[in-house]
């Protein structure tokens, strides 16, 4: 059985392993034991605190495979993307250069440094053991966070953001970012991997604040850099399709380092929020459960949050049937309400810009 | 009885009078006979054309008081605010000036020239005879346009915008814009009234394109100009409250001349869209109509669109009861469907930024 | 050979020049209306009728054997007053962070009109058959003598715009990397429009935020402030006078604008007034003319090379001897004053 | 009175100066570590040990009666290489539309680091009791003699930053209108930090988009490029040398930065080498010293006023006669060479 739960101190080694194997490396999940330990403590503090408005809380979750007892994934929520420091993006804009004299109107694309997404809640720092990629475990880890937000809306913004790693090229057996090569490189004289590592230590917004504030004219970037704008890393294509199907849309914003896409959504528009519902638990032996689509089922416990992968097996009166094991993992007895949503998403089409 | 209907050539004189008495003067309703005549023709062409997507159509409506036979108001819709030329606004932004060396983070407000609202449908050019101000006639004229959009969604954008005239001061018996004095004046050396008049002839976007593209730092504007940003003209306070209650929200955008506020909404969030419904007509004599809240009632005829102020008098099966006179004005017989919505709005609270 | 202000009857001669200048010499299009307007403007300036700052002093080099026009040159007294006058300015901006151990200074190009109000020397052209006998130097330097003589009608600074780098195929790497993305036209069309004085479109279409030069292509970067190989002698001549490149470049081809304070220009500083003594035409002369002389009136301004050196008497006053034909060429007689420049 | 490079044992004398300079003279804070680091830097420069561009030549004016330090002055060989160096640059941008019959040129202030790599003359201070006998002129001009003598270690351009306008109450109208909105500190604190060489915060906090000057208050606009009344004599002295204001102003107080090509500076151009002849100290001398003399070695550089004029022999070589005490003051003997400047 798979369960998503808040990270605990005993998960540190697993987190370290997941941080080290994330591809590409994530600035918001640095493979430094001290920073990861701090992350866990901060998450625990966030869960204990009384919160009425989103602030600088971080919630760090892990995915545990109970069959093996192994922690095989992690994902986090930043209650407010730019709570301590601003959360910077490049915003795609269009300038109009118009000349009535020549009767021409010419549109010029630019990228402007922006921190408008700072107020949104950020879904970030997801890393999953390669064996589980593109399985239901992947979806569970990614979307269990929405089940958490759905229960504690006062802790989060109404707008959610999720950033996907950008497109990289392999050159001389190294992963390089054509966008960074054409943009950041000019200002920092450090390659993508160096700056990415530095950002893990120093924070990305710190680096953003040293970048020049003028809009960048796209025609002056290399074709490779232009092509990378808003393009996700191929390894994250499936994940991105899933989030689009969930109801996120592409935005004007891209990552300042690698130009990876940033998706945005208002909570209330997401499939999970619209479809999830409270159901009283009915415990039934495994063999007597009817066949049903997979579902995410979560208990309503802040510090002991659990979200498992079960079946959307409802009785005619709307009770959710769980196995004794599932009920145990969720820590619920018969008659307690759980939040459940069917896993399948409507379609996996591309969102609009 | 009050009715809103498309403007016709015979309304030209009335339009001219309404344009001349609009306070403050509206750049999108210039008091020039030729331009008003052209506006009516363009509106008629728009109504006749087969349209699948919003484009450069303008729909010009008038409010007629059938008791006196007088045209006492006008209001327009631009299917796409920036269809021919971009629709410019100043967008309120915040720059972060941060110094890690000094450990300070300083926010600086700016205004940036933007044309992001160009794709929205614009509710504009509303002028109403002073005798009818802040009566149901005012609401009918303003909101009948929503009834039109609700019927022909393919002709309009999903986002609606409405701009309110900005705050002016009276100085030496003239109306002056403290915002223009502190901003546009430096670049154009012409006073607010001159430039407003010029914009009526030349188009406002043309003037915007001559303005410098750099963000303006708010601390460098006069206190009077800063205070005027996003502040509506007192004469339009009621109208603005109504639109906020309708479901519009204040946006980051303000007018480039007088910094008047621009409200935005997605159609589907507006009260009128959510509450309106189709009802078959039941014709009853005036005296046998039950008491009910006022309602806007519109027929489903593109070129012969009519929207009247009636009562939301429904039979138990949902028929809408109209007087023979109302049915005649709407051009409907018994059994035809009309679109109706109760007039009262939930609350008239301030929207959020 | 002598220099004089252009006159109305020079229109045909000017058209011949215009046809010979060819592509890239945009200030002399082969267009009757345009050229005759130019002549009217210049007459107004020389006769002092032009009240505004919009004064053009346009000179021709006349072959006194047959009166044909061999070349031309001009001074705009005050650029940018009638139509906007744009440059890109090469500047730099520090990009630094103590915490990141970062300290770089990056070059930027920024659109500006800093030269508004300065004088400009321009429109120098010499026809093929006359490219000898120091005619080119005469056309170039006569403008300094004129400015020295009528110093009061000119501002503090003078500039000269130099043609930028082009490939042998006639393509401008600077334009291709920058301007072409912003102007919906080709280089020659853009250049032609500005030559016709229609410059307001530049401010409307050009990028207004600073361009960091590292974002430009290698050839475009290399072209910033560099001149076309044919222009090198002209730049060398101006630099010898003390004009310098201070970072301003043409917005289309990236060619340098050189500039100086007029009072610092060597020829302005070194020119002096000398009184004329006329001698017989067959008196012996220097082999190569080394002194340039110009008259001191504006409307009837004349200039040419003369064959004798300037001498200075004990009181410090200067004197110059002219052959009779030289005096006639300049329209002076004994006792008149000339402004002279040795070298 | 003589000028010489600062030495380690001058630290106490320097502190006395630092205490006397007072507010607004930010390059000499009364801070032992800071001042002794400055001395070490300057020793490294004079002894040629400083490999980088970060060379400071710091001079003191020594009263040879008792060895006390009466004043100081300095040259930064190359600004902006160690820490960023910022100015606002006053430029202009045309704002024009043929259709609207609009043609204006608006002044803008733009943040830049254009002077990165230039030399700077700075830190001139003369103590109250010694403000006589042309000591001020000696401190100011000695730097030109030094640059003329060691021309190769300096770049093309030199600049000097001038204190801007302040009200009698010590408030800067330029700062109040502009900087105060962007810096969460008062003027003196901002000024102190830059004086300590901590300048990277400027780029981080200053507005980076162009500021149109019409948006500034009337007093702030009036302060652009204007100097504090106490600074006027210093500016006049630099302008006489040929330094000019080219539109660069201090980002805090709006005061002008004047600049010149080093080769164009009058004192650099006019200084010359002369051989020394030593005469008796009681020989008659000019009433007022009119010639400045400096030695030609770097580490043991000395300069002072001398009382006799420079003479030129038939071969064009220059000679200068020194009284014995003058020769001792400069550490030269007969036959040595001095760099001299008349005036």
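Observations on the structure shown:
Chains: A, B, C and D, in written order; residue numbering restarts at 1 for each.
The rule is simple: a contact is a pair of C-beta atoms (placed from the backbone, for glycine too) under 8 Å apart; a residue touches a chain by one contact, two chains touch by 3 or more.
Fair warning: this is a prediction, and the values are worked out from it, not measured in the lab.
In this assembly, C is the chain whose CA centroid lies farthest from the centroid of chain A. Each of B-C and B-D has its own count of C-beta contacts, and the greater count is at B-D. Averaged C-alpha coordinates give centres for chain B and chain C that are 57 Å from one another. Distance between chain centres (mean CA atoms), chain A to chain C: 63 Å. Distance between chain centres (mean CA atoms), chain C to chain D: 36 Å.
Residues of chain D in contact with at least two other chains: 93, 95-99, 198, 200, 204, 209. Annotation for chain B: residues 98, 100-101, 206, 209-210, 212-214 touch two or more other chains. Across the interface of their complex, chain A is touched by residues 85-86, 94-96, 98, 100, 105, 115, 206, 209, 213 of chain B. Interface residues of chain D, counted against chain B in their complex, comprise 93, 95-97, 99-100, 102, 104, 106, 177-178, 181-185, 193, 198, 200-201, 204-207, 209-212, 214-216. Here chain C touches chain D in the complex through residues 80, 82-86, 89, 91-98, 103, 105, 108, 110-114, 116, 198, 200, 203-204, 244, 247, 261, 264, going by the rule given at the top. Of all the residues in chain A, the ones that touch chain C in their complex are 97-102, 104, 106, 108, 110, 182, 186-189, 198, 202, 206-207, 210, 212, 214-217, 219-221. Contact residues of chain D toward chain A in the complex are 97-99, 204, 208-209.
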